[in-house]
Every structure is written in C-alpha cells, then in structure tokens.
Amino acid sequence: MSDRLNGIFTPNIVPLDDRSRINEPELRKYVDWLIERGVHGLYPNGSTGEFTRFTAEERRRIIEIITDQVSGRVPVLAGAAEANVRETIHACEHYHSLGARAVAIVSPFYYRLTQAGVFAYFKEIADHSPIDITLYNIPMFASPIEVATVRRLADQCPRVVGIKDSSGDLPHMMRMIAAVRPSRPDFSFLTGWDAALMPMLLIGCDGGTNATSGVVPEITRKLYDLTLSGQLEQARQLQYRLLHLFDAMLYSAEFPEGFRAALRLRGFDTGLGRQPQSPSQQLELDALARQLQCLLAAEGFTREPVGGCPAAHSVDPDQLAQIVRRVVDEIRSRAH
Amino acid sequence: MSDRLNGIFTPNIVPLDDRSRINEPELRKYVDWLIERGVHGLYPNGSTGEFTRFTAEERRRIIEIITDQVSGRVPVLAGAAEANVRETIHACEHYHSLGARAVAIVSPFYYRLTQAGVFAYFKEIADHSPIDITLYNIPMFASPIEVATVRRLADQCPRVVGIKDSSGDLPHMMRMIAAVRPSRPDFSFLTGWDAALMPMLLIGCDGGTNATSGVVPEITRKLYDLTLSGQLEQARQLQYRLLHLFDAMLYSAEFPEGFRAALRLRGFDTGLGRQPQSPSQQLELDALARQLQCLLAAEGFTREPVGGCPAAHSVDPDQLAQIVRRVVDEIRSRAH
Amino acid sequence: MSDRLNGIFTPNIVPLDDRSRINEPELRKYVDWLIERGVHGLYPNGSTGEFTRFTAEERRRIIEIITDQVSGRVPVLAGAAEANVRETIHACEHYHSLGARAVAIVSPFYYRLTQAGVFAYFKEIADHSPIDITLYNIPMFASPIEVATVRRLADQCPRVVGIKDSSGDLPHMMRMIAAVRPSRPDFSFLTGWDAALMPMLLIGCDGGTNATSGVVPEITRKLYDLTLSGQLEQARQLQYRLLHLFDAMLYSAEFPEGFRAALRLRGFDTGLGRQPQSPSQQLELDALARQLQCLLAAEGFTREPVGGCPAAHSVDPDQLAQIVRRVVDEIRSRAH
Amino acid sequence: MSDRLNGIFTPNIVPLDDRSRINEPELRKYVDWLIERGVHGLYPNGSTGEFTRFTAEERRRIIEIITDQVSGRVPVLAGAAEANVRETIHACEHYHSLGARAVAIVSPFYYRLTQAGVFAYFKEIADHSPIDITLYNIPMFASPIEVATVRRLADQCPRVVGIKDSSGDLPHMMRMIAAVRPSRPDFSFLTGWDAALMPMLLIGCDGGTNATSGVVPEITRKLYDLTLSGQLEQARQLQYRLLHLFDAMLYSAEFPEGFRAALRLRGFDTGLGRQPQSPSQQLELDALARQLQCLLAAEGFTREPVGGCPAAHSVDPDQLAQIVRRVVDEIRSRAH
C-alpha cells in the first residue's frame, strides 16, 4: 500500500483579482496555508477549481503556479482534461515536466458516451502519457465510468493508477475495489464525496479529493486520521459535523459558490466567481455566508456574525403556507 | 380504419359521497353528461380514475355502473389491471360479460420490469382473455413499454388491439405506428397526453384517452373534429387553449386533484379524494380552483369568481426575492 | 437504545404451491428455519414478499400465518399498505390484534406524490393506528420520503417509531439520523440495502430489513454481530462477500426472482413466482441458478453444481464483439 | 414574421484531414453543396459540429472559413459558447465583425445550474453582445432553460432573438411560444429535433437546426416546404422517412459518428472524428454504414452496397436467446 496515492487531496479554488484574473499571490498563500494545515496533496483544475471556466492557457498557468509553490512538499494531482485526446496528452506531457505526481482526467463530458467510448478515450490517452493517470468519475456532470470499464483500464493500462469517484455511492466503490485490487494492488481509490469519507475509508478507500479540505482542512484531515487509527466513535461524530458543513456549502448555492464564500470567511481574498450571480442568488449567498460563519464559529475557525447565531430550528411547512399565502395576496394586489 | 378504436375516450373521475363511498347517482349523471357532450367512449379505472385507490370490489362495481349506465350508447374501455395475471384475467372475463368494448391494462407497476418481463406479462393475459386488450404505457408511473415490445405483442397476440400512450413523446408514437401498422392495420394508437393531441392526430394517432375531456368535453371533442377535418388554424388555437387548461389542472396540485376541482366547477358533486391533503395543499387547491374558474369562465362554462379575474401577469423572481427576504426575516425573528 | 427496533428483519418470500396459492406448510417451515438461523425479526409483505402481487385477502392471510407461526419468538414487522388510508388503517388494526410488533407502510406508489402529500398520507394513518408504524422509503419504486418529511412525522406522530430506507444512500441516512435522533431517541433507522449494511451500522443505523437474510441468514446475522462487536476487518471481508451475493441475486433477474432461485437452492419449495417469465428470462434464471449454486457452495451452504464452478473470469468486450459479429452474420443469413 | 430567423439551418460537421486538422478545402466544398441543396442557413460550432472537441482557436477559425465561404448567400448562426462570459462576449464581437447573422449560445454545461444561474449567464452576455443571440436548450447535455427563464430573457434582453430547442418536447415548445410570442413577435423558435420537425412547424415553430439537413438536405428542406404549403399527407410520409434516417444516425453510434458516416456516403472526405473509437465501436460503425447506405440508396442518394439490402425483418428475442445461449456456452468453454 505504501506506493498507492493516498490521503486527502485538496481540490483548490482559484482566487481571482478584481479584474477576474488569476490572483497569483493569493493562490500561493492559499497553497501554503493548506499544506501547513495538513492536507496530503493538492488537486488543481478539478470541479471545485472550475477548470471549465478557465481558458486552456489559464489552466496551464494554474498548474505552473501550484507546482512551483508546492515545490515538492506534497504531491500534486493535476487536472489535465482538455478539448480532445491530443490536447490532453500535451497537457500530460507539460504537467509531467513540471513535476506533478499524476494527472486526473475527468470522463468525457457534454456528450454522454457509452462505456466503449469512455474506455477508448482513456486508453488512447494512457497509451501516450508520460505521467501516471487517475480516472475521474463524476456521473452528475460527465459520462459515467462503470466498474467493468475501470477494470479493463486497470488491466490494460499500467499508467492508470487510480480513480477518483465523486458518485458518493458506497457499494459502487466496493464493486470497483473488488474488481480491481486483486490484480492491481497499486491502484488507488479516492472518494470525492466528503459526506461519506469515514465509511468510504472503512471499506477500503485510500483517501479522498475533498472540497471541504479546501475550507476546513483541519477537520477533513482529522477525520482521516481518526478513522485510520480506529477511533471510530470520535470519527463518527466528526463525520456528522463535516456532513453538516458539506451540505451547507454544496446545496445552498450554485456550486462552488458556497465553498468560495466559506473560504472568504477563512480569510482569503477569493474574488468573485466567473459565473454571474443574479440578485436573487446574491441574497441567498448572503444568507449562506451568515450560516457558514455560524458553522465555522462553532468549530472555532472564525467569530460569530454580528447579531449572533440562532438556535437550530425548523419551520413547519403548513405554518409557512399561511405566511406565503399572505405574501401571494400582497403580490396579487400589486399586480392589478 | 373503420374498425379501429378511435375518437376521444374519457378517463372519468369517480364521484365519492361524504363517507368516501362511490356516489353512484352522481357517477351515472356524469356519464350521461359526458355522452351528451360528445365524447366517443368512456375509460373507467384509468389513472385519472384513481384505480389504485379503490379496492378490487370497488373497481368491479365502477365498471358495472358505467356499462349499465352507458347502455351501449358509446364503447367502454375498462381498466382491468389487478394484483396479478390471474386476477386480471378474471376481470377481463367479467368486463367482457358486461359488454365492455375492450379492456385497458397498464404495464406492471411498483416493480420496474425489463422488456422481457413486460412482454411475458401481457402475453400471458392476452392468451387467456376473451376480450380485446389495449396496452397502457405511462412510463412516469409504470414499467415502460418499448417499441419492440409493442411490435412483438401486436405480432403474436390478436387480442391486443391497441395502445394508449401517455408518454407525450411524439417521435415515440411515430416509431410505434411505423413498427406496427403495416402488419396490423386494425391496431389503434391513442394518446393520453392532451397537450399534444392535435399533432398526435396529425401524425397518425386514432384518438386519445384525455383527462381534459372529463372536464371540458366540448373543447377536447371540438379539437378532435377540427383536426380531422383539416381546419388547422382553428385547431392550433384550440390546442393552445387546451394546453393552458391541461397544465393548470395537471401541475398545480397532486394529480388528479386539479381535474376534480375543475369538475366541481362544472357542477358535479365530486366529493373529496381519498388521498389526504395537508393544509398547505388545501391552500394551493383553493388558489387553483380560483384560477380554474377564471379559465372556465373565459371558455364560457362558468361564471367568474367573486372579485373577478386578474389580467395575466408574472412576477420577476428578483423582485420576489426581495419580498421573500422580508418574510424570511420575519420567520427568523419568530424562531428566536 | 434498548427499546428501539433493532437487528436484522427478514423480508420473507412467500412460497406458492403448484396452483399459485400460498403454500402454508412451506411458509411455516421457512419461518422456523429463519428464526433458528438467528434473524431478529420477520418482515412479511415487503417488496421481497411481493405484496403488490397478492390480493388484500392473501396479504391478510400471510400475516396471520406468520404471526401464528412466530408465536412471539421474534417481533413481526407487518407490511400494511393497502389501496387507501382507510383500508390501511383497517390492516393496522387487524395486525395489532394479531400481536405484530409494528407495521411497515410504504410511501404512496404509482402516483408520485409531493412531500406535502406524503406527509398528509402518513399523518392520517398515524393519527388512527393502534400499532406502531415504520415508514418505508424505497424511491426506486415509490414516492420518496425526504429528510424534512421524516422529521415532521417524527415530531408530530408518536406512533411513527422508525423508518426503513432502501435508497442505499449513506449520507441520506446520516441526514435523517441527525435530524430526528435528538428529539426522538426511540426512533429506529433500518437499512434495506444489504450492500452497505456494515457502513450503515457504523454510522448509526439500528439494523436492517435485508433480503439476503432470507437466503443466507447466517451471513447477514454474522455481519451484524461482527460489526457491532467492532471486529471490523472480519466484518469488512464478510460485507464484500455479501455484496457479491446481493448483486448476483438482485441484478441478474427480475426482482425478486434471484432471491427465489437462491432460496430454492437452500432447500425450500418456493414454487414459481406470479409474474410470468419469458423463455429468454428462463434461460437467464437457469444461468443465474448455476452461478448462485457456486456462490452458495463457496459459503458451504450447498454442493457445487454438476460440472463444477469456473474460476472467475471476464470477457473482453472487443473479443466479444468479434463473436457477436459472427452471430449477427448468421442471423442475417437466416433472415433472407 | 418576415424578420424572424426561419427555415432550416444546418449544424455542420467539420471535415478533418489525416492529421486531424480542419480540412479547409473540404469544409468549403461542403458549404457550397449544402447551399446548393437549399438549406436556409448554416449553424457551425453546434453539437453536431463537436464544438467542445476543438480548441478556442479552431472554433474561431471554423467561423472564419464558413462566413467567408458563405459570403452572404445565406445567414450564418455561429455557435459562440466559450469558457466563460468574458470569452463568450469576445467571440460574439469577433463573429459580429465577420458578418454572422446571429450567434447561438448553449446553456452552461458540465455544472448543472439553477434557473437563476442560467438567467444571469445569458443576461450578462446579452447586455454586452453587439450581435443577436439565440439561446440553445439541449437538456440532455447542458443545464435546461425553462419556460419562465426564456420569458424573462425575452422580456429583458432585446439582443436575445430566438431559441433553438433540442429537447424534442412538443408541449414544451408550445409553452415557450405561448409565453413569449405575444410580447416578442420577432422572437424565433427553432427545433433541433428532426424527428418532430413537421409537427413542430405545425404548432408554430419557425424552423429548425437539424442535423439531418447536413446529410440529406434535400429531404429536410422538402419536408419544410411541404409542411408550410399545407401538403400534409406528403409531409407526413416524408417525416416518417426522415425519422427512420434520424434514428439510424443518432442511436446506432456515438453521436455524431452516425452523421459523419452518412456524410461520407454522400461523397465527402470527412476524416475520422477526434473521439477515439474502440474496436467494438468500429464494428458497429461498419454495420451502421451498411445500413445507412441502404437507406440512402432507397432515397436515391447513393448505390446499394455490394450484396444488396435485406428486406426489413426483426429477430424474436426468444429465438435470439437460444442463439446467445450457444454463444455463452462457447465463451464459457474457452474461459476454462
């Protein structure tokens, strides 16, 4: 197991300046901060890193900055998906020359390919890449990579050394491990679904590429350590707290805006994302930021917002219905 | 084409009394009303008729009442799906003895079967039924029936004489017609998707089992007539009006509550449905009833509600966000 | 925790005789066999028990036989979903009088209800039931029950004492536990997804209603015990073996035919299922039975089939493509 | 209606040379061929044009070649989606300077945005674009654009002059037309779903961006003309033939390989696509090419393949099961 990719890799957000360019000094500062807080590796140009919203030149520049700043302290897993196989292989070559430990390549997206197509795509890249490759399965965004395809790639492509799976489907992870590990003990299984990190590790995962580790690296790392050392009761409690943070950041705003808002609360000048936000989304982001500040304050990472944090509560939909009814009446009266 | 099932079949709602029993006098009155307004046939125990919410005995009783009241004036297409193949065949035998023109059998539901299973199910029933059968494809609720399965059943089962398709997928309908009509010119294709009735008829459908025809039979029937007689401009305008009514009844409440509410506005004592409605749903139903009354008044079927009908308008989500923000603040302040 | 429903409840198949009637002697024998092998409770009229394929009278009879045969040795969780709220409440009353520990009620199916509708349905039943109720969430077959709805029901209905969740979604289970356990420490969380039993228990589940326990109760029970006693390495290995069995029974045939075939190999006269099987499905079931016999033989529960069991292998799709090409050519030549 | 975008726009494939570079002479030849056969406009950098598989530079070059070759003979609708809003606006400016009639911008993909996010994205672009914009809704590949969002954009953005919808959902198209046309009579509705072109035109669409028109422009154009001139019986027959061709090209291979294969049969040197094809896919493509040649020969566009074309036939799955059983036995025997 010693040579398998393992531990917590951070899929980092890229800070932008007020003209929406890469904020290099802040990105370098962020890299140092993450490494100091114990993440085992960096994973730039992932989904959290919004690789699709940067140009090819910018993606290259991001890897250059990060490998330079990391300077060998931790391994770098470089997102390398480009427009087509040839461009992707060029990226593999470049990131190899920069000293990345491996590249991560997301399954083809936009078009939804069959498994035969997914296999052919990765096979072609793996046959020409000078650097190790991890597959990246994220079925909500890209063509799914099924178990049989992972097995075929593991069997035929020594360059393919792992998979990062963001489906969050635990039995699926077990099926992949059962299918591949006997013949490829060096193959690494990483989960991208922070909500299930502890159970994923317990059934055999080697680690994770977890967006929460970019915001609360202390917690994600500690959860990893507690689980591996068998302190399950403490790990379970921490997993529940991480789930709460994860859900708040993931589901309360357009991904990855919740993670960006939280990172700002940790003291970084993230700048605004490139995807425009409508006024209604801005309102939601403001509410989310307040909620996140309370959650982060409860973990000791920041102060409570002015006005304090409310006790947990929920509103009954039928009570809410009464209130909404009044609002609708008001809207109706204005519309006349 | 003369002997194909064709025209508009009404999937009727079943009026209930204040103890939630079948309201037989009202049901008989409703049947007469529908026939007087020109529907070509009745289709009891369909999805609109909430067949799953009645007991087996009640389902039988509903067909007995309807065949008796119809008394040969129009053909009856009797929903006959029961718990298993044997029970379904018994229902086929009984409905045959009552003089139903054919039965309609929904694809197996709850479990999602493969096409092999769907085929075996219908084949077994068709081999033992004394009455003609129409398949009923409603993929949002039951196992889908694919084109190849329809073709196999049409080829091997003379008793299977048609399909009622509620997918609303027009090219799917064309694929079925292309696959089956050459070898089975007697096979009927009925659409259950009122929103596309006119274009479905134009590409070759024989008619429809349309829930709107239970509420506004005048319109659904007229749309059918206009389309068949080639008065396309008028048909198109009527199709748009029917779409508006259909969407209001279908999407503004738990199905088929919107249709029940509209039928009440047409003067029938429908009683309450058997699926309980929460207070928030009741509020929505009240609002829907008001909207439906305006729509039906615009068609000349009822009077406008007290207070009149507002001009069409829409609210901008970003303005709405401001209002909601104030509501949320109010809720938050109460929760403390 | 002492009074929470916990442990492994078996969703039992119902043996049928050669006329497709309930085979009462075999069912009684099966109940004894299960209890002897350590299952903690019985769960008749579940999805594995094909409750939708029996008549209302038969469902009642199944519970009568099982409560009589169990005779208090283990708790019985009786599936009680009927055509509508009133019929379901009648079933609750009857099963209460028979001494069932609780009933399990699946979320409304066929129609896909909103959360308001799902809440109203369970609330109405819970307000009138004399017996404890467990919710049953199986989103692939029935209307989903979301976390907020579980919470509302737990808050407002003391009769609702647990949920059986067959989604297999581990973070979803955690979200329910986090939302409900603080205010309802007596509320039980059971997983219906055998593939994740060990991790589900590790994050706080109280047990499971697991179809595998109807076929290999020794394994499912042992997995439960190993996990609860913290023997994680052994538990993990057993979970992988159970996953393999589960996948074979679940995905190789129309559910629950794989479980029925396996139960036959354990020595029970299950009879044929009520859902007809086409010749192509029969062929697949034969192949599955052979595979299952090998898996059960490897666990020591039966002998290997005549001819022995092959070593694990897989076929490369591209090699297979060559073979299929030849088959297609043959088919084409015959078609001329 | 005179100034609405209307007619058949061809989403053209880009021929590649043997080093996978844009084959400019063949592309120019293809443009001329399409215009000569009556398409009303060109639509480069669409999904059929595989815009995601080209680099930003190549996408720009494709528009330059096409606007130059078209030279004003027909309008060009230029696909302009780039990595982010700023890059997309730059593309709008460039394509405006080249004389394109409008740009088409696909809804954000990879990430699935909410409607608030989709609105904000298009609003930002529309506020800064010097050229007219058509929205592009293709929910199977990109974030859906719902009716209310189309309406808001139509109301607030004069630059947004139309939508190309590839959902194939006819009532959805009607809902958009009903929501937008009253206030924006200049707004154009184009369907990207060739399978429903005739009924879409009959309910009010202005035309289509149809992949079939890149392969059989004669048929797609004729279908358009027959429908608009009210020759419905002939139009219906042609729509059925087009459906058959469309299905063969769309569903028998990884999109758009079927269209590329058919274009080759029309005499163009398309080169190989950039998405690698596995050996099993190559076999399927060979079979498809043969089938397409028969279909195109039946339309008079090419000769029958050597060996002739079989009469239509289908194989019964249960017969097939017998054959497959023998194959499986053979595979099993080899695996030992």
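Which chain is which? They are A, B, C and D, in the order written, and residues in each are numbered from 1.
Here is the rule we use: contacts are C-beta pairs under 8 Å (C-beta built on N, C-alpha and C of every residue); 3 or more make two chains touch, one makes a residue touch a chain.
Just so it is clear, the model here is predicted, and its values are computed rather than measured.
Counting hops only between chains that touch, subunit A reaches subunit C in a minimum of 1.
In this assembly, the chain whose C-alpha centre lies farthest from subunit B is A. If each chain is reduced to the centroid of its CA atoms, subunit A and subunit D end up 33 Å from each other. Subunit D has its Cα centroid 34 Å from the Cα centroid of subunit B. Rounded to a whole number, the gap between the C-alpha centres of subunit C and subunit D is 46 angstrom.
In subunit A, 116, 119, 278, 280, 317 are the positions where the chain touches two or more neighbouring chains simultaneously. Those residues of subunit D lying in contact with subunit A across their complex are 20, 47, 52-56, 83-87, 108-114, 116-117, 119-121, 123-124, 140-142, 254-255, 274-278, 280-281. Touching subunit D in their complex are the following residues of subunit B: 115-116, 119, 148, 151-152, 168-171, 174-175, 178, 193, 195-196, 198-199, 202-204, 230, 232, 236, 239-240, 243-244, 247, 314, 316-317.
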